[in-house]
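Think of it as A, B, C, D and E in the order they're written, each chain with its own count starting at 1.
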Amino acid sequence: MSQAPTQRINGLALFILPSVLLFALFFFLPIGLMAVMSVLTGNPVVAPRVAFTTRHYARIVDDPYYLEVIWTTLRIGLLTTLVALAIGYPLAHWMARIKSRTGHALLLMAVLAPMLTGIVVRTFAWMTLLSDKGVINQTLISLGLISQPLKLMYSETGIVVGLVHIYVPFMVLTLTGVIGRIDERLEQAAENLGASPLRAFIEVTLPLSLPGILAGSLLVFALAISAYVTPILLGGFQIMTLPVLIYQQISANFNVGFAAALGIVLLLISLVLVIAYNRALGLVSGQRELQ
Amino acid sequence: MMGTSAAHNPSLASDREAASRQAAAPAHAAVGPRHYGRYVYLAINIAILIFLLAPIAVVVVFALNPTPFIQFPPVGVSLRWFEKFFASRDFMHALGFSLEVALFTTVSATILGASAALALARGNLPGARLIVVVMLSPLMLPAILTGLALFQTYVLLDVGRPTWGLVAGHTLVTLPYVVRTTLAVLHNFDLRLEEAARNLGASPARTFFEVTLPLIKPGVLAGAIFAFIVSFDQFPVSLFLVSPGNETLPVTLFNYLKFDLDGTIGAASVVSIVLAFLVVIGLDRTVGLRSYVKL
Amino acid sequence: DDPVLRITGWGGKWGDVMKAEIGPAFESEFKCKLQTDSAFPYLPKLQASSRSAPIYDVLHTNSNEQWAAAEMGLVEPKVDPKLVPNLADVYPYAVSDKIVGVSIFTSAIGLGMRTDKGYGSITSWKELWDAKYNGVRGGYVIPVNSLGQAFLMMCGTLFGKGQTDLDAAYTALEKLKPIKIVDFTGAMEKMLLSGEVGLCVIHDSGIYRYDGQNQPTDFIAPSEGVLSLEQVLTITPGSKVKELANAYVNYMLRPEVQKRLAETVWYSPANRKVKLDAKYDAKLLTTPEKVSKLIQVDWKWYNERKDEIDQRVNRIFRA
Amino acid sequence: MSASIEIAGVSKIYDGGVRAVDAVAMDIRQGEFFSLLGPSGCGKTTTLRIIAGFETPSSGAIRVDGADITHVPAHKRDMGMVFQNYALFPHRTVAENVAFGLRMRGHDKASIATKVKAALAMVELSGLEDRRPAQLSGGQQQRVALARAIVIAPRVLLCDEPLGALDKKLRQQMQFELKQLQKKLGLTLVFVTHDQEEALAMSDRIAVMNGGRVEQVGTPAEIYNQPTTRFVADFIGDTNIFRGERTTTGAGAPALDVGKGLILALPPSADAQGAGALSVALRPEKIRLSPRGDAAGGAAGTCAHGVVENTNFLGGAVLYRITLEGAHRILVQQPNAGTSHLFIPGNGVTLDWTPADLVVLED
Amino acid sequence: MSASIEIAGVSKIYDGGVRAVDAVAMDIRQGEFFSLLGPSGCGKTTTLRIIAGFETPSSGAIRVDGADITHVPAHKRDMGMVFQNYALFPHRTVAENVAFGLRMRGHDKASIATKVKAALAMVELSGLEDRRPAQLSGGQQQRVALARAIVIAPRVLLCDEPLGALDKKLRQQMQFELKQLQKKLGLTLVFVTHDQEEALAMSDRIAVMNGGRVEQVGTPAEIYNQPTTRFVADFIGDTNIFRGERTTTGAGAPALDVGKGLILALPPSADAQGAGALSVALRPEKIRLSPRGDAAGGAAGTCAHGVVENTNFLGGAVLYRITLEGAHRILVQQPNAGTSHLFIPGNGVTLDWTPADLVVLED
C-alpha cells in the first residue's frame, strides 16, 4: 500500500504542465468561447453586433422538456455505466487471472474488436440484431417464443444496449490492469478465513479494485452522456438526449448559442455528479485518497 | 572423511533444482478446487463475449454478403466490398491518414496523460482531485460541440485546419483515458519498490523508467490503446477539423454511408479489426500486453 | 498558382463522379483547383468563419439549409443570371421564390413500398396512416432531415388547410405512430430493402438507384403530388473568386454535366435541355408536366418556426 | 473439534517445472503440534498451501479425518492460516482484519468485538485497532496475521513462520500463548519455521524436509538426538559430522577411523557387525573442553587435543572452533559461565566426550 | 571507501501522530558493524529508512562523514539497503534484480554478469537467475534482496532483518559471508535484527532501542554482561531480574534482600554505599545446577534450593524453570550434556552462582 506522502508539492507536480497547456489552448479557450456565445445573441467572431442575453439558459430552465431531456440523458448514462460495470467486471477479472498468454491475447482481441468496428457500423450491426426484422426477433419468432417482435430498438433499452456494447471495452481494460495487480494471496487469505470465493471477491477483490471501478465507470459515464450517434440510430429520435439536441441545434438549427448553453449545462451537471460519485465511493470504501 | 558444520551442500541443492527443472512437463490436475463456481464464472464470461462479438459477426456477414444491405440470412459470400474498399483511393488515403493521426495522437496523449497522472498521484498538487475530474470534461461534452469549438478557435486564430490542429483535438479527447487508466494503477502502487530503486542509485527519472513505468504499464498501455482506437474511430471532432483532401476514415465512411449504405463500410470495419489485431499481436510479442506482474 | 475554388459536395456515387470526371474537367477548363469539403455539416462551419473570409466559395446543400444560410447572410440569396447564363435554361421551380440560389437537381419525395407484401396499389399519401402498416411504417426525423420537414408540411396539406396548418400536421403525425424514424436520407432505402419497413416516406432516387437489381421495392408518386428535394448552389458574399464561383454554378447546369450526374444518382436535372437515356427519362422529372407535380416547401416560413416545430415533434415522437 | 491430517504421497510441480514438493507422505495427528522444518526453498510453504487448499497437488491426496479433501475448496476446510507474507487486507484496519473470519462465520457484532479485543491483546497490539496494515511495523503486521488466524479457532491452524519477524522475548511469549491456545482448543497445529530451537521447543513432532522431500519425522528429542540422515544431523543445530572406516579401538571396542589420526569409539548401540564406511555425528555441546594438560585424558577414542581457533560469543553460550592435532576442525559449545572461564584463540585445549553421544547416520 | 554516520537527535512523527523515533542520537563509526536491536515496533525500520533517505526526520539531522545529508535524495547517498519486506522488482528476474544497482552505476555488461553471478552464488541462489520473485520461496526472496544490496558494494549497507527468513544453517553462513564482505570492503554496516544472538555474535556495537528511544549503545559483551537498564537486561537473552533492598550478608558483604527469604550477595563492583531499592540481573546460564543434597552449598547469598517445575529442551541447551523454596521463580540454563544429566519436573535441585555475575541495573 502506498503510504501517505509528505504533504509538500514536489517536482513531479510539474509533469502536469504539458497537459495544462493543452487544456488551456485546446479546451478552455474553445469552450470559453462557446460559453461566451451561450450568453450572446450571435457569434461575436463573425457578426460584430451582438448583445448579452440569458435567453438560451432561460429556455432550458423554463421549458420542462429540457429538464426531462437532461434527466433522460443522465439516466441513460447511469444505466449504461451500471450495466457496463456489471458485464465488464467478470470479463476483466477473467482477463486478469487467466493463466495462458494466448488466452489472454484472444480475450484482449475479443474485447478490442467492438471498439474497432467503428461507431456507426457497430450501431448498424445492432440495428440488424435488434430491429423487428432483426436476428433476435426473427429467431425468437421462428422458435415460436414470441408472436410480435419485441421492441428492442427505438427505446432506451436499445440505446443502453448499444452504448454498453461500445463502451464496455473501456471498462474492461481499465479494470483488468487494476485487478491483475491485486495479490491473489489476499483472496486466499479471505477464503482461508471462511469466505466463499464469491464472498472473498466481494470483501477483498472488489474493494481493492475500486480505483479501477472508479476510473472505468467515470469513463463510461462520461462517454455515455455525451454520445449522440448511438442514441440517434438506436433511439430513432424517439428518445431525446442532450447530445442529440445539441447535434440538432448545431447541424440543423444553426443555433450555436443554444447548443453551447446545452453543452455547458450538461458539463456542469456531469461534473457535479462525478465529484459526488468520487466522494461517495471514497466514503463507502474508506479510501479517501481514491482518485 | 570429515566435515564440520557446513551448511547443507549447495551443489546438492542446485543439482536437485536443476533436475526438477528438467522433470516431466507439469502434470496438471485439470480440475481446480472450485469447480462449480468456475463453471458459472465461465458461463457468465462466455455470455458476455457473445454479447460483445455478435454485432461483429453481423458486420463480418455484412461485409461478405453480396447484397448492398444487411440481410439475414445472408445470401452468399463475396469479396466485392473488400475489392471496392481497397480499390478506392479515397478510402485508402483516408485509412493512411487516420492511422497517421491516430499514431501521433497516441504518442502525445500517452506521454501527456501518463505524466499528468503521475503528477496528480504523486506531486501532492493542491486540488488534485478536482483537476482529475476536470480532466474528464472533454469526454463529458458532446464531441460535436468540442469539434465546433475547436474549429471556431482555429478560425479565430486564423490557422486554418492544419493536421496538428486535428491531432491536438484528438489528443484532447483521448487524454482523459490515459490519465484515468494510469491513475487507476498508480493507486496501490508499492512505493517501496521505487525506494529500492532509488537506494540502488537510480535517479528519479531512471526510477520512473526502470520501475514505475513497467509496473504501471498495464494502465498506460490500456490508455494508449484507448487513445489509438478512439482517435482512429473519432468522428465528431474530426468532422469539423479535417480539411478537404485530408479526411479521416470515419469521416469518409460517414459521408459514404449517407449515400451508399453498402457492405463497403462493413469491409472497412473488418479491415480495421484485422489491422488492430495485427497491432495487438505485435504488441504482445514485443512489449507483452500481459504485463501486470503479480506482486 | 491556380486560383482555388472551395466548394462543398456529397460523398457516395456523386462524390465519385465529381472527383473522377466532372471536377477535373472543370479544373482544366478554368485553370483552377477545386477543393471539395465533403465533411458534413457545412453550414455550422461557414457560420463560424468570418463573413469576409468564408471557408467556402460555393455552398451546395438542400434548400432549407440554404434559406437558413441566406437568412444569416452567409450566402447570396440569388444567382446573377448574367454571370450564370445557363440559368436561362432551368425549370422555373429551380429559381422560384421558394429557392435561394439555384437548384441544380431535384428528387421527388413520395412513398416507397415493398412490392412483395401484397399491399395492393397505393395512390395516396394517406395510405401511410393505414393501421396495417403499424410496425413497418417509415419516416424521417423532422428536426434534422429535409425529407422529414417537407413531409410535415405535406401533412398540413393533406389533413388541414394547407402547408402551414401545423396543428393539423401535428395531429396527423401523432396518428402516424408507431413509426420507424431514420436520420440519414440513405438509411430509409436500406430499411425498405431489408424489409424492416414496408411503406415509407422516401425520395425517388433512393428507390431508382437499385433499378435493374430486381429489388421488391417501388416508388409511388402520390396523387396529391410529390415534394421536391432540391440540390441548391449558392455563392458566399465574401468569396474572393466570385467569377470562378459563378462559372462553377454555370458549369454544373451544363446539359452534359447534368446528364452525367443525373444518370449516376438518379436525380432529376434542373436544366430543361438535358436529354436523359430512356430508362432515366421514364422515371425522372424531365418534362414540364412531370415537374409541375413538384410541391415546393416554403422554407423561409418553416425556418422561422423551426424551433417551435422541433420541440413539438420531438415530443410527439418520444417513445 | 480438531482433526488429523494425512498427506498421502503429495507432489507439486510448479508451472516452470519446479518440483517444489516431492512425494511427501506424513500423518499429522489430531491435536498435535506438528512442525515442518527445513532449509529455505525446501517446500514448506508449498506443503502448507496444499493443505490449506490454495494449490492443487500434481499428484497425491490430502485427507482430513480420513476424508479426501484434495478438491474441497479452501473456504470449506476450516483451517486457519498465517501466511508467510502475512497477506493482510490493506484496505481494512487492524481490527477489521482480525474480525474478518468471525464475520464470515456470522458471529454477532458484540461477540466479534470481544474476541477481536482479546486476540489483539494476546498479540500485544491493543491500541492499534484502527491502523491500516501499511501503518504498522513488520512485526506488528505479523502479529495481526497471527491474531486473524487464531481468532476463528479453526480446527486446524497452519502457521507459516508466524513468529519470524518478532524479537526473542516477544517470540517466546507468543510461542507460549500459541501453545496454550493449542492445548486449550485441542488444535491441530501445523507450524512452519526456520528456527530449529523454536521447532524443538514447541513441537510434539517435527518433519524435517529437504529439497521437497521429508527426511525424517519424529519427536524433537528423536530429531535432535537420533537424526537418521546426515542431512538432519547437519541441519538441526550445529554438529560435527565424521565419515570414516570401521575399525576397533585398542581395547577392542568398535570404532571409526576418520583419518588424520583420529579414532572415534562407536556407541554401544552401533551395529558392531558390518564393515565399510560410516558417518557419525557429535553435537558440539556434548563435548567437554578443558585446558590442555588438565587432568582428563580419557579412554582411547573419547578424547582429543587441539587449539582454539575462533571464539563465537552467543550470549548464553560460547561456540569454539577448534583445530585438532590431526588437522580436523571441530565445533565445541560451552556454557557462558562467566568471563573467567573463556578460552581465547590460541589456547591449547583437551576435548573429551562419551561414545554414547555419537549418532550413527544413514547417508 | 566507507563512511561514518552521525544520527543527531532525530525524531520521526508519522502522519497519524505516532512518534516512531524519538530523539535518537548515536554515532556509527566508519567500517563498523552496528546493530539496532529492539522489540517489534520500537522504530528500527524507521531509523534505517531515515538514514537511507526515505523518510524526512521530523527533527534532527543525519550526517555522513560530517556532512549533513538530511535532505540529500536517496539515490545520491550510495547506501545499499535490504528492505524488511524485500521490495524486489516483481517485473524483473532474479538476475535483473541483482543487476539493477550495477546498471545504474553504468557498469559494463560483462562485469555486471560476473558480479551478479558471484553475488547469487554467495547467497546460494545459482541456477535461479531467470525466475521472477513471485516464483521464489520467502527465504529465496530475502536472499535476492541481500544479493541486490551487497552487489553494489555501497559505502554504507543498511540491512533490515536481512536474514530473518532463513534457517539457522543458512543464516549462519550468510552471517559469515556478510561479515567477511564487510571486513573486505571496510563497509559501514547498519544491521537491524530481532535476533539477539545474531546481534551479539556479529556486531561491533549494538544499539538497543525501545519505544523509539535508544536505551544503550555498546559492544555485545557490554550489552550482554553489563546492561545498564532493566529493559536491556530483560530484553537481551533470558534473565532473572530481582529487585530488593540493600542489606549485608552474614559475612558483612553488601547484599540484596529480594524478599521471601532470598538474599543475594552483591558483586564487588557494586557501590557499597547508598541504601534503598536496587535491581539486579542474573543470567540463567551463570547459575550452576546440581541435584539437591550434592556437595556445593556455597557461601550465603550465592546459593539456593528449589524444585524443577518445567523443562524446556532447546537443542544444545536445556532451560529449567525452577521454583525456589521462598517461592521465587528462576530460570536456569544448562548445556544439554546428554540425557543422563537431565533433570525432570519435580526434581529437587541446588543452585549456585558467583556474586560477580550479578549485574546492577539502572531502573
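Just so we're on the same page, contacts are C-beta pairs under 8 Å (C-beta built on N, C-alpha and C of every residue); 3 or more make two chains touch, one makes a residue touch a chain.
Since the structure is predicted, the reported quantities are computational estimates derived from the model, not experimental observations.
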Separation of chain A from chain D in touching-chain steps, minimised, is 1
Suppose every chain is reduced to the average of its Cα atoms; which one is closest to the average of all protein Cα atoms?
B
Longest centre-to-centre distance from chain E, chain (CA-based)
C
Report the pair of chains linked by the most C-beta pairs in contact.
A-B
If you average the CA atoms of chain D and of chain E, how far apart do the two points sit, in angstrom?
21
Chain centre separation (chain B, chain E; CA means) in Å
53
So the centre of each chain is just the mean of its C-alpha atoms; given that, what is the distance between chain A and chain C in Å?
36
In whole angstrom, the CA-centroid distance of chain B from chain C equals 41
Could you list which residues of chain A touch at least two other chains?
1-3, 6, 43, 45, 133-134, 183, 196-197, 208, 247, 250-251, 256
Touching two or more other chains, which residues of chain D qualify?
14-16, 18, 39, 41, 53, 73-74, 85, 90, 135, 234-235, 238, 284
For chain B, residues contacting two or more additional chains:
5, 7-8, 13, 17, 34, 37, 70, 148, 152, 155, 188, 190, 204, 254, 257, 261, 293-295
In their shared complex, chain A is touched by residues of chain B numbered 34, 37, 41, 44-45, 48-49, 51-56, 58-59, 62, 70, 72, 111-113, 115-116, 118-126, 128-146, 148-150, 152-153, 155-156, 168-169, 171-172, 175-177, 179-181, 183-185, 187-191, 204, 218-219, 221-222, 225-226, 229, 232-233, 235-236, 249-250, 253-254, 257, 261, 265-266, 268-269, 272-273, 275-277, 280-281, 284, 289-290, 292-295
Can you list the residues on chain E that touch chain B in the complex?
49, 52-54, 73-75, 77-81, 83, 85, 87-91, 100-101, 104-105, 124, 126-128, 132, 134, 148-149, 152, 169-170, 172-173
Using the touch definition from the top, list the residues of chain E that touch chain D in their complex.
14, 16, 18, 37-41, 44-46, 84-85, 131, 135-140, 142-143, 160-161, 164-171, 194-197, 200-201, 220-221, 224-225, 234-238, 283-286, 288, 312-317, 333-339, 354, 356-357
Considering only the defined contacts, which chain A positions touch chain B in the complex?
1-3, 5-16, 18-19, 22-23, 25-27, 29-31, 33-34, 43, 45, 87, 90-91, 94, 96, 101, 104-105, 107-122, 124-129, 133-135, 138, 165, 168-170, 173-174, 176-178, 180-181, 183-184, 196-198, 208, 211-212, 214-216, 218-219, 222-223, 225-229, 242-243, 246-247, 250-251, 256, 259-260, 263, 266-267, 270-271, 274-275, 278, 289-291
Chain A-facing residues of chain C, complex
40-41, 43-44, 47-51, 65, 68, 72, 135-136, 141, 143-144, 180-183, 194-196, 306-307, 310-311, 314-315, 317-319
